[in-house]
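Each of the two complexes below includes subunit A, the first together with subunit B, the second together with subunit C.
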Partner chain A sequence: MSDKDTFNATLAAATCALLGSAVATPVVAQEEASRWSFDSTLLYYGESDDRVQDVSAAVSAVRDFGDERKLSATLTADTLTGASPSGAIALDRPQTFTSPSGRAVYTTNAGEVPLDDTFHDTRFALSTSWTQPLARLYTFSAGLGFSTEYDYTHLGANLSLARDFNKRNTTVNAGVAWSQDDSNPVGGRPVPLSQMLDVGNNSNKRDGSESKDVLDLLLGFTQVLNRTTVLRVNYSYSDSSGYLNDPYKVLSVVDPLTGDTLTRVPVGQGPDGVYVFESRPDTRTKQSLYAEVKHAFGKPVLHFSYRYMTDDWGIDSHTGEIRLRWPLGEGYIEPQLRYYTQSAADFYRASLVGGAALPRYASADFRLGEFDATTVGIKYGHDTASGNEWSIRAEYYQQSGSVPQQQIIGNQAGRQQYPDLSALIVQFGYRFKL
Partner chain B sequence: MNSTCAATLTRDFDHWTGRFVAMASPCEVLIDEASASLARQVLDAVSSEAWRIERKFSRYRSDSAVHQINQSAGSATPVDDETANLLDFAATLTRLSEGAFDITSGALRKVWTFDGGDRVPSQQQIDEVLAVVGWHKAEWRRPTLRLRAGMQIDFGGIGKEYAVDAAAEHVEKIAPGLCCLINFGGDVAVRNERASGKPWRVGIESYARAATAERVVQLARGALATSGDSRRFVFRDGRRYSHILDARTGWPVRNAPHSITVAADTCTQAGTITTLAMLQGRDAEGMLKATGVRYWLQ
Partner chain C sequence: MKKTSLCLVLLALSGCAGVQPWERDVLARPEMSLDTAPLDAAIDDHIYFSKEASSGGRGFGGGGCGCN
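Let's look at the complex of A and B:
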């Protein structure tokens, strides 16, 4: 056989001579997608030192109705167990706390960062969305989401509209999402900055649920730069209002000289130190800018992304990620590296000083502190003969944070301030069509 | 088949469907948004063109041009323009396939019968037939063809696809811009896009299960052709011999896909590529990739 161009040109010329006309309007044909496609994943997330363990199973189904109209639904079930830091500082003596339910106490060993180990939950989530072209060049989609767990429910809705320009090389999209989350914590909602009380005393806890409303706006831009490179830029604005506290997080109230937690004598069972429940503002506004470049070097594809986020709590964060998808046999291998860093919230306090006026807002939640985290991972995907794909992904997450020097008082200097965290993530995935 | 067999026209949800039988195949024409009288006119144009080409190029009919050529083997026979065009086209395919495709290879059917049975001819039988196979043995000086005694030609492998394109051209003349899908036994052409902008949905029959669609191809315009051996083969000693014969050896092509479907601008191009790819046997997919066409294998 002669080479491709000669072959095609010879055949086209011979056909033209045979049919006696220059009909050749270029063919427009494509295989119709399978009506149903499924993506199932099973994920394990395990933190070191018996902290949070999460097993999550998700199935998403997409029904293709043709003409770019699609209905999708995702069902997720999560089981969380383990312990998470309560916000109290480590001491050279054991510490006793009242559990969130207000019905029992638990004790942390000397030198250990206190963890609240009553943490376990099962969550179910369902989300659905519908996508369809609205007019030539316009694509519309709308979705609803719902999730429920023991002390929390979430209801969300979203709309988005995309328009193609420039022979579909440019896409601009705008979206709006709204959600309402209801929190109904175990043992009631503690009054912010009130003290942790003895077992059986719920005078500082409020019954019923409190809600949080979140409004997200998104503006996106996708540009095909050339045959091998695509750029995407997103700006998002998020406004949360309502109950933004974590009802299970506390702060230690410490002696201004020694830095040790003030002691108290419980009546019956109760905490042996002074701890107050955290207090966060009831609004939060976040803005983020995200840029992503995908470039194909022949078959291998490089993916690079960067996100900058800033909010009015004083947290600024940067996330950089790089992935390289390398073909391997009937599949591909994809190493991945991600780096994240954030500054602390303005009201982040490792502890509060006894006798001083209480600040309006304070939280010792490590997630609002200054930290950085590195994730390294690798994924292997395999395409089966029938066009399905299975994959396995493993990631290792390493986080380390610090407490601002000026917040470290007395004896605290010699103790662990902000415990390191590492986690292992393993995910199996199987994608198939019917 | 002949024109006394009626072509039937029925109204479907958003198009007309005309049906008839030609070239031993079920044929249909789907007509987008037209009056009943125009739809009937289009169906008549398509069916009469199919039957005309069948009459003219059937090797079984004693009044066909091909029959006359074959009967006159040994002497020079002048042919008309349309036949000459087909001969020129066939000669190009022979050149592109380096002799594997050949319109004189039909003689091999004397020794090969692809009926699902187990008869495999001897090498000696094949060699005897090969003496009268090979386009290079014919003298073709347009408009005159001289076949050697015993040689014969047929337009199997290109005739049906040509008929689809010819019928599409015929429709374009009587109703310019009208959208219709012409399907002769799985070889399909669409000249103009539908008013709604929606593609036609064309099912590709499963090789393994007749009358079930293996996949659906959305065709807005252009053509599809399928070549396969689902019902025509010989099975002997655990080996399946496809009906695709390599004219150079007289033996069936080995390890070809069971079915190849190709999308191209015209049905003739699509059909040619499926036929030439089949002749590549195991390397069929390599050739399809090299041409850059959109294809589906089974």
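Let's look at the complex of A and C:
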């Protein structure tokens, strides 16, 4: 240690000692006064064209036990309704499908990308975590999570440990999370690549639930770069195994020349075309590298983040986000911009060709296709006289995708192949202390 | 030896690591925390998890939802 370092350390110790003795009583009083802090939010999420609509409420409570020991819990309730693309392609004729329950049919107009409008769900989620110092410079945290919806339950646990270095200018942390999700779809689990059958015929559906296990590992590094800038870099590894299909997604089986869906004649009520249920691999390994920087330019604060993700399904994605928090009166205004782009999974198929051998894996889920998405948003936060904060945030999300040219067959070229998506998100927030 | 190497690497990564405890006035502001708005972040992660093929990065991957 150099003389300068020794001097600085001595000065730091002296400063802490002086501050400590001078302000000890008020600090204790303040901690006593605000042990509980709450963050609450009410969210509306609405997609265009009567697709998914979601109203969601969340409350997060943190109890401060002093000495950097904290217990937090977040409770969320979601109600979803609306329609979601089934994976089938648009045609010049109306199309009829059996609903996932196997008890009714729904139809799609000519020229429209088929949407399954039987989609509605209510979801409750609870997550809790405990954080405490383990020794000087070490922070430990452990959490549990649970969520339930009509056809799905999730149970997860996580642990992480952080170590400060460099006069707490550097923090290295490592974490592990494990979860088990159980899927028990409405109408049963369809056998992958089996045909959609008539109403009342559930011979290709399996009862009971299937599970998915996810193991996540995270290695993080946080660095104070200077008095006004902080950097965080995370590497994450995620391994999923088990039931990874979306039980409600199908693919159209088409004529090799015209590209139109092959027709079938239902017995009673049922689909008037040939559709098969998707088939995804039962393992997926994802890796991501995430970096974020926060920098204060006087009062305003700029936040930038970037994430690269790659997985063994062939999907690569890039995500960039920027936020600028600008003081305004008793609060702040924060414009936000996010850009996302992903490549398609290797087994993404807009449709399957009739008569050809079926691939082992195939999905027409647009979320596994190639697309870009942009989010533009703005948040206004206002500090109240009592030290609480209320906020309003509005965001507009837009996705625009494409089907690879070599996958477009015959008449498909003149039709809408990829349903673009736009959504409006409005969120109210209120933070307070007790 | 190992410990020394680790310290050297950390020192190199941290530049000069010159920010002293009494120079943390700006970094101590609540808006300079990397987790300023955890509920906003959780909501965003949940929406993007249900609409895109990627998740996680900032923390553990999204999940606990049959939406993907």
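Observations on the model:
Just so it is clear, the second predicted complex is superposed on the first by the 401 of 434 C-alpha atoms of A that agree within 3 Å, B and C clash if a C-alpha of one lies under 4 Å from a C-alpha of the other, contacts with A are read in each partner's own complex, and residues count from 1 in each chain.
Rule of thumb we're sticking to: contacts are C-beta pairs under 8 Å (C-beta built on N, C-alpha and C of every residue); 3 or more make two chains touch, one makes a residue touch a chain.
What you are looking at is a predicted structure, and each value in this text was computed from that prediction instead of being measured.
By the touch criterion defined above, A:Glu292 reaches subunit C but does not reach subunit B. By the touch criterion defined above, A:Asp67 reaches subunit B but does not reach subunit C. With both structures placed on the common chain, the touch criterion links A:Thr81 to neither subunit B nor subunit C. Of the two partner chains, neither subunit B nor subunit C is touched by A:Asn411.
In the superposition on chain A, A:Ser305 makes contact with subunit C only, while subunit B stays out of contact range. Once the two structures are superposed, subunit B and subunit C can be ranked by residues of subunit A touched, with C on top. Once the two complexes are laid over each other on the shared chain, residue contacts for A:Thr228 go to subunit C alone; subunit B is not touched.
Common to the subunit B and subunit C interfaces on subunit A are residues 8, 11-12, 15.
Here subunit A touches subunit B in the complex through residues 1-4, 7-8, 10-12, 14-15, 17-21, 23-32, 66-67, going by the rule given at the top.
Taken in their complex, subunit A has these residues touching subunit C: 8, 11-12, 15-16, 39-41, 43, 45, 56, 58, 60, 74, 76, 80, 121, 123, 125, 145-147, 149, 151-152, 154, 156, 158, 165-170, 172, 175, 177, 179, 181, 183, 214, 216, 218, 221-228, 230, 232, 234, 236, 238, 246, 286, 288-290, 292, 294, 296, 301, 305, 307, 309, 311, 313, 315, 317, 319, 325, 332, 340, 342, 345, 367-368, 373, 379, 393, 397, 399, 421, 423, 425, 427, 429.
Per the touch definition, subunit B reaches subunit A in the complex via residues 85-86, 88-89, 92-93, 96-98, 162, 165-166, 168-169, 172, 191-193, 198-199, 201, 215-224, 263-266, 268-269, 272-273, 276, 280, 287, 290-292, 294, 296. In the complex of the two chains, the subunit C residues touching subunit A come out as 7, 10-11, 13-15, 17-27, 29, 31-32, 34, 37-40, 42-43, 47-48, 51-61, 63-68.
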